[in-house]
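Below you'll find the structures, each written out as structure tokens.
Consider the two complexes below, in which chain A is the common component and chain B and chain C are the respective partners.
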Partner chain A sequence: MSEQRLEANGICVEFDGVRALHEATVEVRRGEIMGLIGPNGAGKTTLVNAISGYQNFSRGRVTIDGVDASSWTAPARARGGVVRTFQAVRVFRELTVRENIELGAIGVGSSSASGTALADELMEMLDLHSQADVAAGNLSYGYQRRLGIARSLAAKPQYLLLDEPAAGLSEEESVVMSHVLRDIRDEFGCGMLLIEHDMPLVMGICDRITVLNFGEILATGTPAEIRNNRSVVEAYLGSEVTNA
Partner chain B sequence: MLKNRWATRVIDMVPVALFAIIVLLAMQSPDLQTPARVMVVNAVMVVGSYIFIGNSGILSFGHIGFAAVGAYVSALATMSPRIKSGLLDGAPAWLVAIEINPALGILLGGLGAALVGWVVSLSIMRLSGLSAGIATLAMLVMIQVVVGNADPITGGKNSLIGIPGGTDVYVPLLWLIAICVLAYVFQHTRTGRRLRASREDEVAARSIGIKVTHERRVSFVLSAFAVGIGGALYGQVLGSINADAFYFTLTFAVLLMLVFGGMNSLFGALVGTLVITVLGEVLRRWERGVELFGFMFTGQAGIREIVLGIAMLVVLFLFREGLTRGREFSGLFKKRPQAIRTTVIPTAGSKEKREPVQEEKEAVRS
Partner chain C sequence: MNAVFQFLIDALSLGSIYACIALGIALIFGVMNLVNLAHGELIMVTGYTLLLTHGLPLPLRIIIAITAGVLAGILMDKLAFRFIRGAKPATLMIVSFGIAYLLQNLAILFIGSQARAVALPSWVSARISVGGIGVSPLDLVTVLVTVLLLAGMGLVLYRTPIGRQMRAASEDFTMARLVGVKSDRVISTAFALAGFLAAVAGILLIAKTGTVTPTMGLAPLLAGVVATVIGGSGNLKAAVYGAYLFGALTVAIQAALPTDLVAFRDAVAFALVILVLIVRPQGLFIRRAVAERV
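Now for the complex of A and B:
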């Protein structure tokens, strides 16, 4: 088990005969941020669903540090170190911020006491401590997004899959988010797969980027390589980023 | 922090104590003894149902089936062989011969219900939401049909009579307290907390490793046990049972109490039982006729059901989550902290500063 990486290999998903993913392959190493970009409907969320156990696939396999996890349920994959967030955040609305985070730890089987300690730590790190006893449903959108990430981190992921963590955030909040994501990588050492449309954020913090288009992988490479990749520019980036 | 938590737990047990005191006071009046005893038994079934319904968020229409199992197991195990041989035609010899202590019979009833609950949970707990609710309804019908037709064992449609156990209120009351403590402790265990998370958002719960089906099964079996105890107590308090007693009427009575009080808290389960019982009793007396200021008032027959129905609607319109709005007793004394909207002003590095904007978000509890 020397290979410390999360791999999705040749994933094929079809919805009623419509091809959503075809031979999609992506790899996340521990400690790196891998961006996953592409136009709407390219299959980014479907790929994250397939990796996290929310979507069955007809072909391909998912391996966690070399162990085949293709047949594992979503909770089993979370316990195996692959934890995801959601585009719609999905906080436990009636529970407090603290309880939400504690549940991340309790969910994967940690003791209540260690959950409490971890919640304190994460609230400090993500600047949520002032809201500790607020019902999560009452939080502003930006806070809810950060809470969603804190809850996932409490599950002690080896690999964190983030589905548009900056969607709906203001420009300032988006900058804060990029710092937060970098801090997470540095402090937790986990690998991250980041779906995001915010190009400055993606280009700024990702070590590598994978581009998905019509369910197929278009390119994988460093931000610089992606920016200069002709087919990527044509399919997705357009001229805005090349100028930036 | 820890001290605070224990204080909360003690305060949350106050309604249980108050409930017990009300029952003991009611027992002082000969007129109220039977309603008080029935209320305690109902409370056991309501709190028992709450263990599953309140924590999982799945409305079960089948729990009274567990009361039937508990009642029959306990009755058959405690009745005297002489009565059984008279009532049951063709019963197996061991069933007729068995006669255990009534106190033990209650426990056996609970365990029998838990066993049935475990078997049922293997299939039903894979379902969610409304389909799970419908499946529990099917379970209720199945149990009813089996109990009502297994003549050699249950006596079929005929009543089982002469169930020993006596008429004192202390045994049911002690069981009620035990079941309340069980329910309260359970909801604070990790299993209970994971289950409550899945009630809020099942998809998100799975993403942090919560095995929703498994957690539901645990609470389902525990809940079946508690309701089975309630059924066993029902038989002992009334002295006789029949299959029809454990069907839709009791199912809806118990659900009415739970939903009325608020199905998300133990406090709600107890409040609902108390209010609905008192209201029902008042209306029952009115139907029979009451004398007030020298005049005789007699309610129309059936007024009880109508008023209870209206009361239910009013509560659901005003408080979607029942009278207690999902809070435990200690929640009455806590102010819910309000979220403060803040704008984030990033400075160099990740040490942002934020300025609270005095725009408090309205306390949304829609």
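Now for the complex of A and C:
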């Protein structure tokens, strides 16, 4: 039962006695996009931090394809197939777009040649090809975001955790991003956990959605189920989204 | 004309030596936030190796001396810094100071505190005439060797996977580790390259002065640190530019000062450095503020 999925089970996190997460459980299957939504401060980023190894938790466990990874460091979890992006874009500004992506590939032991080929493929897919030799620091914000995702993908993750990939993007860029995310799922077959505030994007591309509120899981289900879940609507979504 | 040419050669040759030292210091600062005060001792180890291999053919001595410099760099990391990974910059710096002191005293203990003359071929101190202008072959060799070396370093840093990893690590070490860069390997390579650069710079310096002393690394260390600071700490290119600027500055001050004030050359140079730090604390060749790195 536990194969081929990334699971966070009963995660509890406290900050100086304040409960940030309580018994939070989320599961991402390979090849699906799992949305993680909730009001600001609900604990979404904390949960992603806990899964990717940036946040210690007092109780609960994280398993990668059935293997308990709770005690692994962040780089160890990345090697284990769980790769994340950050809300703040952290590309290597002095390196070119191509170098940034190749770095992601070489880091996991891909040979130089296959890294180059993969970088080409990723630049094509994320529409970064025209910027291949530009220093990443000179890219626009939208491009930097896509580069951050491309670099993560170069590590060939089984599970990709995306912390607000569409934040700060224009409406058109956001649409491009949703196509990119769908392409990634279909071509790489990885499971994705997507934190995002852009509701049309989340409802449009997620296979399932988990809702967090005050550090606890409120509901998990398909977009249609979530849209019609009374407690979710009351806590968070509001009426305008139910009509969407 | 002659004076201008002489100035250019002197500035280039001194700047190139400084550049080799500064680049090594910047490499190590970049990947582990360490201002390595024992960097000068890499030069000292190279120097004493050159001294102790007296009697062997010169090319062989040079190869052995450079190997010693590289090994000294790698061992510094493996025997000391490896055990305090992630320590505060101040802690790292004090440890490096201890290593410098230890190595100097080992040199005094086993070889003696006096300056020792290193036997080198006579052409090293000769002067030749090129188109009516007197130049020293050593200066030409210095410029040629260091420029080739820096170009080679450029290739390593910009054209190889390990170079790419080192540049990434020196920009954002945490993120580099996250994408899977192996920190020990990158740091080890940085020390090896720093040792190599320091060894070459050291041999060229010794060819100029003809002597080795236990504290011979101090002045080059200071020049290298100053060059990285005025260029911009943590940025490899800026360190090299800073080194050439500081080299030219030193030579210019020496030429401009009246003879009885030449002794104050370093004082004037460092006063200018202080001025640079007041006006542009991020360094002369850094566009953005990179305060969070330091």
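We take it that the second predicted complex is superposed on the first by the 242 of 244 C-alpha atoms of A that agree within 3 Å, B and C clash if a C-alpha of one lies under 4 Å from a C-alpha of the other, contacts with A are read in each partner's own complex, and residues count from 1 in each chain.
As a convention for this text, a residue touches a chain if its C-beta (ideal position, glycine included) is under 8 Å from a C-beta of that chain, and two chains touch if they have at least 3 such contacts.
Quick caveat: nothing in here was measured; it's all calculated off a predicted structure.
K.L.:
Judging by the criteria at the top, classify the pair chain B and chain C on chain A as clash or fit.
P.N.:
Clash: chain B and chain C overlap once superposed on chain A.
K.L.:
Just checking: does A:58 make contact with chain B only, chain C only, both, or neither of them? Give me first, second, both or neither.
P.N.:
In the superposition, A:58 contacts neither chain B nor chain C.
K.L.:
Quick check on the superposed pair: does A:139 touch chain B, chain C, both, or neither? Answer first, second, both or neither.
P.N.:
A:139: touches chain B, not chain C.
K.L.:
Check the residue A:112 against both partner chains and state whether it touches chain B (first), chain C (second), both, or neither.
P.N.:
Touch partners of A:112: chain B and chain C.
K.L.:
Output check: A:92 vs chain B and chain C. Expected answer is one of first, second, both, neither. What do you get?
P.N.:
A:92: touches chain B and chain C.
K.L.:
What is the contact status of A:75 with respect to chain B (first) and chain C (second): first, second, both, or neither?
P.N.:
In the superposition, A:75 contacts both chain B and chain C.
K.L.:
Check the residue A:40 against both partner chains and state whether it touches chain B (first), chain C (second), both, or neither.
P.N.:
After superposition on chain A, A:40 lies in contact with neither partner.
K.L.:
If we overlay the two complexes on their shared chain A, which of chain B and chain C does A:179 touch? Say first, second, both or neither.
P.N.:
first
K.L.:
Taking the superposition on A as described, I'd like to know which of chain B and chain C A:104 touches: first, second, both or neither.
P.N.:
The answer is both, since A:104 touches chain B and chain C.
K.L.:
Decide which partner touches more residues of chain A, taking chain B and chain C as the two options.
P.N.:
So, of the two partners, B touches more residues of chain A.
K.L.:
Could you pull out which residues of chain A sit against chain B in one structure and against chain C in the other?
P.N.:
74-75, 78-79, 90, 92-95, 99, 102-104, 106-109, 112, 137, 151, 155
K.L.:
Under the stated contact criterion, what part of chain A meets chain C in this complex?
P.N.:
74-75, 78-79, 90, 92-95, 99, 102-104, 106-109, 112, 115, 137, 151, 155
K.L.:
Could you pull out which chain B residues touch chain A in their complex?
P.N.:
Where chain B meets chain A, its residues are 190, 193-194, 196-197, 200-201, 203-212, 326, 336-346, 349-350, 352, 354, 361, 363-364.
K.L.:
What part of chain C is in contact with chain A in the complex they form?
P.N.:
161, 164-165, 167-168, 171-172, 175-181, 288
K.L.:
Give the list of chain A residues in touch with chain B in this complex.
P.N.:
Chain A residues touching chain B: 52-54, 73-76, 78-79, 83-86, 90-95, 99, 102-104, 106-109, 111-112, 127, 130-131, 133-135, 137-140, 142-143, 151-152, 154-155, 172-173, 175-176, 179-180, 182-183.
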